[in-house]
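Pasting the structures in now, so scroll down.
Two complexes come next, and they have one chain in common, chain A, joined by chain B in the first and chain C in the second.
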Partner chain A sequence: MFRKIKRRLRVGSQQDNIDTIYTGIDEPLPRNIERVKERLNEIFSECSDYIQREIVCGEDGSVRILVSYIEGFVDKKILNQDVVRPILDYFSSAERQDKAKRVYQLIKECIISNNEVREVESLQQAVYKIVSGDAVLFVDGSKSALVVGVKAPQGRQVEEPDTEVSIRGPREGFVENLATNMVLIRKRIKTPNLKFEMMQLGIQTKTDVCICYIKGIANEEIVKEVRKRVKKIRGDAILDTGYIEQYITDNRLTLFPVVGNSEKCDKLVAKLLEGRVAILCDGTPYVITVPHLFIESIQTSDDYYDHAFFASFMRVLRFLALLISNLLPAMYVALVSFHHTVIPFKLIITLAASRQGIPFSPFVEAILMITAFELLREAGVRMPRPIGQALSIVGAIVLGEASVNAGIASNLMVIIVAITAICSFVVPPLIRATMLLRFAFLIAANFLGFLGISLVAVTVIIHLCRLRSFGIPYMAPLSPLTATDLKDSFIMVPIWAMITRPKILFQEDTRGTVGIKRQEVDKISED
Partner chain B sequence: MKIKKLAIVLMLPILLTGCWDNVDLTEINIVTAMGIDKAEDGKVIVTVQVVEPAALQSTSSGQGGGGSTQPKPVFVESYKGETISDALISMKSIVDKRLFLSTIQVLILGERFCKDGINEALDFLHRDYQSEYLTDVLVAKDVTPEQILKIQSDMEAIPAMYIKGTIENTAIRAKVKRTMLINLFKDIKNKCRQVTIGQITKVNEKTVKTEGTAVFRDGKLVGWLDQYQTRGYLFATDKVKSTIVNIPVTNGKMSIEVLNSSGKLDVEFKNGEPAKLSIQVNLEGNIVEYIGKETLDSPGDIYKLEKILSQEVKKEIVMALNKAQKDYSSDIFGFGTVVHKYHPHYWEKVMDEWNDVFSKLPAEIKVDAKIRRAGLIKSPMMKDE
Partner chain C sequence: MEKARISSLQLFLLITGFLFGSTLILNPATGAKNDGWLAILIGGAVGTLLLAAYASIALLNPSKTLVEILRDRFGKVIGNIIAILYIWYFIHLASLVFRNFGSFMLTTTYPKTPLEVIIAVFALVVMYAVNSGVEVVGRMSEILVPFVPVIAVIISLGILTVHDFTAFLPVLENGISPVIKASLNLLTFPFGETIVFLMIFPHLNKRENLKKVSTLSALSATGLFLFIFFRDITVLGSHLIYQATFVPHLTSVLIPGINLEPLFNVNLIIGGSIKVVICMYAAVNGLNQLIGANDYRKFTTAVATFCVVLSIWVYENIFEMFDWAENIWLYYSIPFQIVIPLMLLFLSLIKKGNPAHEKSIE
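== the complex of A and B ==
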């Protein structure tokens, strides 16, 4: 069904005003500069940020050069200093009668004092270079144009990411600029084996997307698979790695993240060194890594910088938090609605006392409170910073004191929602999955008590065990059990004892999920 | 895909089962204690003590302050029925919510009910899934269970918790036989050992006392042991954890705290017939108080005291054994277990008359007492100069 809608949408968008749209069909560069000018003006009509300057110099104006670029995108100072001035100086001081061919060669080899000079042969490529921030020089009479890389530095400085804070360890985070990000990685892995494979995705956006891996460490099969899947992506725009993530994921309907993302350089580098493949995308600080396994959700980069004892303890704690945030409200509902017999005597009195006079059933109460909390959280994220305080005050009063005093929720429910909320923030990668699962558990608990909870739990576990990330079982190394890889799971051994790389990433894919999935994707793209 | 859809459809009926036993905590009456007695007409009277959590909460947090208008934390209701379950279910006509039995802390049996035999009468408690096996069982002496359950102590808001607290105290000091529901169920079916249950009496409107033991024979109440006999019985059956034994010494008194005790039962056989019962008790204690003038400096002094202590403990055991053999003819010690274990063929024959055989056997009681320490001082503070 989605496929049909998608196809219809795609066809629809291409049908309007086909004449005025630049279709990017390959056409050779005209030799005549006037023709080039004419064509470019046509292409860039109504683009007020498009600048072109014509330089006419030489004895009798025989040297005609057209400089085209997008305003603000190039560093004007460098352009003038490295390109325009040398050309003017050269042709005005010396009296030369040069053939067009010769002029082109001269400019390319002797005059331009910029290192990044490339040639393009077609108009389409030239246009692409202009819109991606390079300056393009068209020389009259030449069948190719010169591309000079004078891109002005864009975007913000490298700073500490807000989303992933670490107590100890590097604070550098990725930025929106792809080149900067590549430097940040290269800086940490000084080997030519670190490969960056560049490609452009998005029919309109032509976003630079870069597959990054370490040759010799990454599993070639996975690299090949990533390359294949990324190349299959068809779409108008790639605005964030999130787009890519949705295209390349193994299971498109799962709640669990099978593609990892990070904003921290050190974390990404560590993943590359384990043999994972990263995908960078221009315009976003988030870098995605594949394969992404369940166990990675409870790992943090801090774990590796601190003593393994603390790290192991924290990991167990994080796993516990994950369980609590999923199960606590459901357990409570099951306990107070079905399984009174397992509650200790003194606790049952406390529970009964706190439930006294509440008009709702525990289930309704839980749903109300959890929904209220989720709303509060979402509002906190979306709202402009300055109003934040008002929200937190209102939230604290409504969710805490007032709802209890008004007799809508019990004290205990408030505590349970609070603990659940705290726990859900402990494992950030799984926050969204947990949010939905919590409701599933709650509903099951209300119908069947502990039996319902176990039914949902079993379903979730089966789903998790079936899940693959680029052919690697999602629950590895727990299922299938890979003994040597347990060194970095719930219990972490010290760094000096981690002698081998994760074996699981090199495991033969016995079930051939990748193959099956590929066939499906192929079919989609053929449609 | 089709199989998946089919599976989903097949799973749907689970939801149709609904939530028939989904009962909110506010819709149940939390029963903290239950009393079972028999009326003169042979019907069963069941008494329940139900806690009111809200009232409890307000008293404990001290918000009440209203004085006379303060709600009581518990209420007690009785109902008469043919059986326990009948009474409990019929009681719904006088209480507002479903009675929840898993929280029962103490079960109090009436004297008349016990005299008529408890073996079959307690079937309901064994059969019902809500029964809590760790409930303490007591037999009310000279009062009805209802009277006991209506006692409102100042020490605890919930009377059942107060009673439970006293049992825990006295059981540690070996003055009451602590029997839980699970022990009772085990012993009821056991011919090798007769049932004994702790005893509870009313002291005044606010206080109860749990001391002594009710002795049963074949499931029927036959008599009582006082606190000293109870201790002798517990010494012999290896149930004493710690207790204070007072011993007479020349010109004074002494209290010895027993810290360690082990008891062993044996039956000696001669010519295929049991000839003698033997009880061996080893115990260790410390001197905790001495009001007297003798010195305690030499090992000889201590040795003398150990002798007296052994005598004292032996006296209690003899009293208990005499009661069991002569008065009640009930093998509460469990000598039958020994016979069953080591002479199974003889046991097969004598199983049903064992209590009579037991009460005619002579007994040999050995007590080996040791005194380990005398506290911070040796001889008494005031010494004749």
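== the complex of A and C ==
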């Protein structure tokens, strides 16, 4: 049935595109400028932002040039200064009467003062260039057109990302503009081995997507696989790297992120230097990296800038937080409803006192409180920031204090949900996975106590062991155990002691590991 | 056969986890009272030899599973019959472990929960693991099995204040025969059961390590058995250890001030799950090869369901379980664990010494 639906969807999306210009075969540019004008007007009918200007100059108007662009997309000042004015000046001052071909050559080689000049031969390509923000010059009698890159700078300035805050380290974050992002990366890795492979994705949007890696460090197999999977993407639109992420992920039915994303330049560069492959997409500041492993969720860029002792401690703490945010409510429910004997005697008195007069079972109580918390969080995210703060205060006071006073929730439950909530924010990449797993653990705890929790935990571990990210086992380096890569897991060694690059990214199953030492890579790149 | 590969470390952990398996609940060495440590030493030593013998069989028949080896060595008809018996044996073993696990949970923590529910829920997890393939099971062992010794040490530290080191004395109070009996039990109870691994051995990525890995894991399991036995006997004394139903559990309950029972349950689930997963994997894979189907996953659900039903039906009550484990299992297992493997080893050695003969058969 799924297959049928899928097929229908595919057929539907194809039908939509039949009458768009892109699906047609490239038609050659007509030599006659009148014909070009006609076709362009036809294609851009009802496009009020489309501008075309005809320049007629030379003796008795023999030189005819058509300049086409999209309003606002190109920098008019530069266009005038680099293209229109030189052409007018040249043909008005000199009394030359050249053949059409000469005119084209002259314009291309000595008149236009812009650096970025390319040629296109078909009408479709020319149209594509126009809609992507270039100015296109059609010269009468020539079989190709000139594309001049006069794109106006778009979007916001480079600033610190809101989503990933670091205490120490660079504050630059990516922006929506792909070219700016590429510069931000290139600026930090000054080697020609840093490769950017461009391609256009999305039948309608034609979004620029760029695969980025460092040749000689990244595993060629992974690069090849990324290329293959990205090229397979078929869809109308790519609006964010999130779209690409969903297309290229290994396991589509998982709660855990098998593709990483980041908005921070230094973090991405570090990932590239470890041998990972990044995918950039025009129009979004989020860059995705593959392969993404479980251990990366508890790593932050701050770890590497600070002393390894603190970093190791923080990582263990983060992992602990992850466990607590998953398990704490479930543990509480299991303890209260199944395993009274485990609770120390003094605590059980406090517990009984706090639960006195509560009409709900611990499970219902926990579900209610956690749902309330998730609602609060979601509302806080969606609201404009000032209102969001007010909301959290209302939530904290009303839900926390008043529900205890009203006898709906016990004090201990409020404490537990609060701790759970705090802990869930410690490991941001896993927030969504934790949110759902928490309910799974809770339900299991309600039915089978600690046995249920353990069984769900074992299931989750099996699932984690099953996952792969671009062929690399998700739980590496913990399992399969890669001893040298433990240097950057829970316990982190200082930067000067990290002599080898991660071996896990060079693993082919468990059959034999091919690690490359840093010196060897340097040697390769020198050759 | 699945083309998956597991590393030496993974195999080591799998065997060790398998050996702990249900031994954490039932300890056959307790039959020898305070001489149990002698039984463990003897059983462990012989068990290590047995494992080495299994490894030799696997090495003499490279990249072949038990079913294929049986067919090669005994001919197609007899080989297939013995293979069917082995598959039954693995299924039976899996259901016994299921039952051990279920009974333990029922007795200690969940007196009102039906046995069927506990075992069925456990079986679901096991099925998921089996269907994930041997590679995932190997990786899972790397995360789970290290918990077993760690939890054992935590419990031992908690109980440090309660001990009586004279509990070992007098040595050989009841003569040598209970010790021999207990060590025989120990030989067939966890060690001989590793015959299952003849279905796993072909997946090892470095075959030259096979013997080392299997003997090492048997030795370390023996070490941990000794450790746990010493802990239990110093805490409980020889009389109580003989009488108690679930010895390690009783020990963990004795920790002053706090009840670490859940910790012990976790320990059990890990050991138990690895053991059942391997038995089930061996059974479905054997069945798959026997029939010549292309994917063993088709059989998992059926075999798991059968195991659950069998595990409930196999004993009337927990005492029958203990009686069976102590008195019948030994004789039931000897052909599977010792007689047929030794014949296989013998036949393999002959074939190896006479390669021309091998060719003429083919």
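Just so we're on the same page, the second predicted complex is superposed on the first by the 487 of 527 C-alpha atoms of A that agree within 3 Å, B and C clash if a C-alpha of one lies under 4 Å from a C-alpha of the other, contacts with A are read in each partner's own complex, and residues count from 1 in each chain.
The rule is short, and it goes like this: contacts are C-beta pairs under 8 Å (C-beta built on N, C-alpha and C of every residue); 3 or more make two chains touch, one makes a residue touch a chain.
Note that the structure is predicted; figures quoted are calculated from it, not measured.
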item	value
Partner chain(s) touched by A:402 [first = chain B, second = chain C, both, neither]	neither
Touching partner for A:341 - first (chain B), second (chain C), both, neither	both
Touched partner set for A:390, first chain B, second chain C, both or neither	neither
Partner chain in contact with A:364 - chain B first, chain C second, else both or neither	neither
Chain B versus chain C as contact partner of A:152, first or second or both or neither	neither
Which superposed partner A:316 touches (first chain B, second chain C, both, neither)	neither
Comparison of chain B and chain C by chain A residues contacted	C
Contacts of A:448 with chain B and chain C, given as first, second, both or neither	both
Set of chain A residues, in rising order, touched by both chain B and chain C	338, 341, 448-449, 455
Contacting residues of chain A [partner chain B, same complex]	336-338, 340-341, 345, 348-358, 361-362, 446-449, 455
Sites on chain B touched by chain A in the complex	14-15, 17-19, 21-26, 28, 30, 32, 51, 53-54, 56-57, 100, 102-103, 105, 129-130, 158
Contacting residues of chain C [partner chain A, same complex]	4-7, 9-10, 105, 109-110, 113, 118, 121-122, 125, 128-129, 132, 135-136, 138-140, 142-144, 205, 257-262, 265-266, 269-270, 273
Residues of chain A touching chain C in the complex	334, 338-339, 341-342, 344, 448-452, 454-455, 458-459, 461-463, 465-466, 473, 475, 478-481, 509-512
